[in-house]
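Take a look at the structures listed below.
Look at the two complexes coming up: chain A is in both, with chain B in one and chain C in the other.
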Partner chain A sequence: MKTESEIRQTLREWIVRTSGKIRAEELDDDTPIIERRIISSLQLTDLILMLERLSDSPIDIEMLKPGVFRDINTIYRNFFEPARA
Partner chain B sequence: MNTFEASVEKLCSASIKDYINPYSYLEWPEKIDTEQWSTTPELISLYGTPFYDGLSTAEQQRLSFYEAINFFSLNIHGEKSLIEGLAQRLYRKGNDLVSPYIHHFLDEENKHMIYFGGFCVRYAGKVYPDRKMVFTREYEPGEDDFMFFGKVLIFEEIVDVYNKRMAKDERLAPIVRQINFLHHRDESRHLAFGRLLVKNMYERYSDVWSMDTRERISEYLKNYLQATWKEYYNPAAYKDAGLKDAFDVQEQALQMQATRKHRAEVSAGCIRFLTENGILLEQPQL
Partner chain C sequence: MSKSAPESTSEAIFDPRVLPDYGWYESGQSALSGSLLELYRRIDNMFLKWASECQAAEFFFPTFISARELAKLDYFRSFPHLVTFPASLDAADDNLKRFTEGTPLDQEGCVHLTALDPVRNVLTPAACYHFYILFQGQALAEPRYVTTRATCFRRETHYLPLQRQWNFSMREIVCIGNSDEVKAFLGRYTEKVQAFFERIHLPVNWVNATDPFFNPSKNPKFLAQRLDPVKTEMVFRTGLAIGSVNFHRNYFGEAFQIQRQEQEAFSGCVAFGIERWIFAFLNEFGPDQKQWPDLNTF
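The block that comes next holds the complex of A and B.
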């Protein structure tokens, strides 16, 4: 598995590339990507696929709590930290 | 009685005539041999790509089995949200004319899920999970309903192209053909209803909506069409079929000329309808 900083960097690059609504220098790890509509509900499907790829484990969306995709910090905490614990 | 009302009544009569018991209608074989075709080869997501050409016939057939599980899983998830949405709209103010048909729609969609779920659980022991999520937001009057039926139309029009071809394909396992046939039989009515309703709603609301709203709807439906197609390229199915680097396969296959051409061909009827009625303001890139 990639290191924490590699994962965060991959997420940042993916969000900027996919969204087209934000520049790299404007995106922090606590920028709310859903609330600010930087990522749409349809793009979330791709994000889930990308997280499955990065974490090498399937994601069951029925088990997800609200807000898990809020920002990069939250995504990292929910999808990658448990695997490293 | 106007044309719309008469068409809805006609669809109701057809549903009553075609009513079946989903538990006794199909004869389920005890098991499915994964080394036979479960998806029409030309409809397999990787068909025409080096990933597909590099497989032996037995491997292609194994892939065709997991593609069928994916196709049926997509249908289950699509129909689950359809049932939720239809139930919310049943007897809602302004839906008096369509409510009688919504009853049939709900009944038939539930039956489809019995077929699809029956196949996936019996023969693969699972349904591939859904990855779609919906955010709530503010809508213009009628926009929420229109988007709902617009998405249903796109989803079902694509599915029906697959159903029609697979129902007739004698290379496929009989149970797969039967499920596709049964689905197509009901869907042909749902598609007629969908086109009628979407056109009717757009005519009713588009004058009230601002240009911004119409552009937003067009953009959303265009993105929905693209997102729907992506789900046909499922890394989990590739992995189960024994393909290596399943995520790379998915990413690369989506960019290839052969798969783009396939998506354009299958979506052509649906895109034409949406464009001719002024709903899609530009052609989607598939």
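The block that comes next holds the complex of A and C.
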């Protein structure tokens, strides 16, 4: 079971590696990754697959609400916070 | 840019075909004269006045857009069901002869084409596309505010007078700049348009929407728009979207290499479907022009 900081670090590394548009030191946990198109619409599908692996639980795309992928904080809150389980 | 809101049939809808100043073509087109043409002009003049408040420069564009340019937006994969192409016959003598000696037009009104020239253009599907092509490759020293009105073409499965047309008039006010400049522009115009609706008592709700993608469940762009809404429609009480406010992020800046402050430019637009505004006026205020709001005061 990963800790919160490990999960956040994994998310950060994945975003930097996948995007190619931003350096790790420029990416904060509240950097808007969709609005700034750091993650493109094509990469969004990969992000969902990665989150399913990382959280070890399936994501129902139909149930996703606007804003759930806004930034690392929002992603952590929506997919990893203990309250979700 | 959107025409995606469904029309409601639950309320009585005013049918403009009863008006002498209105003509409807089953091909999804309208003809206006008299008071309706005057209303069309007054509505558009009001939009132009709104555009002048940000010193937007007005442009007039041709009807065709280069298919090569449109392809940079992945338009043909995203919206193949909407696109309309200008087609012309291959000018070779034997081809033209085959056409004239065949049955150019059958009893159903269908043209029987022979070989066509290569299609390299598209009839304008959205007014603001012209601007991103125009500013392609430029580095903007300051935000650009621009406006145009275009006849836009979108093939649909069915058409309704003034509500859903194959071609219609779209006025857009556009900002290309950095993220903050574009957001401020969109915020300012959202407030302005909302204040206008309130003053004339036109019942309009703001509703998040997505562009009408082909096969949306398979299109990641649709998913992205759903999860991070960038389009807000002005939805008249019948369910008809009469305009929209759109935040494109840096999508067009990236596709057309437009730079602002050494980064891909952001853009946003406020779009108005003029025939749909006429529809809303007729439904809300009736066909008597004396009952219409005086748009000169806005």
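Going forward, the second predicted complex is superposed on the first by the 81 of 85 C-alpha atoms of A that agree within 3 Å, B and C clash if a C-alpha of one lies under 4 Å from a C-alpha of the other, contacts with A are read in each partner's own complex, and residues count from 1 in each chain.
Following the convention adopted for this analysis, contacts are C-beta pairs under 8 Å (C-beta built on N, C-alpha and C of every residue); 3 or more make two chains touch, one makes a residue touch a chain.
Remember, predicted model here, so these are calculated numbers, not experimental data.
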Partner chain(s) touched by A:41 [first = chain B, second = chain C, both, neither]: both
Chain B versus chain C as contact partner of A:58, first or second or both or neither: first
Touched partner set for A:6, first chain B, second chain C, both or neither: neither
Touching partner for A:26 - first (chain B), second (chain C), both, neither: neither
Contacts of A:66 with chain B and chain C, given as first, second, both or neither: second
First, second, both or neither for A:49, with chain B first and chain C second: first
Common interface positions of chain A, toward chain B and toward chain C: 34, 40-42, 44-45, 61
Residues of chain C defined as touching chain A within the complex: 179, 208, 220-221, 223-229, 249-251, 254
Residues on chain A engaged by chain B in the complex (per definition of touch): 34, 40-46, 48-49, 52-53, 58-62
Footprint of chain C on chain A - complex, ascending: 34-37, 40-42, 44-45, 61, 64-70
Parts of chain B lying in touch with chain A, wherever the complex brings them together: 129-135, 220, 223-224, 226-227, 230-231, 235-236, 247, 250
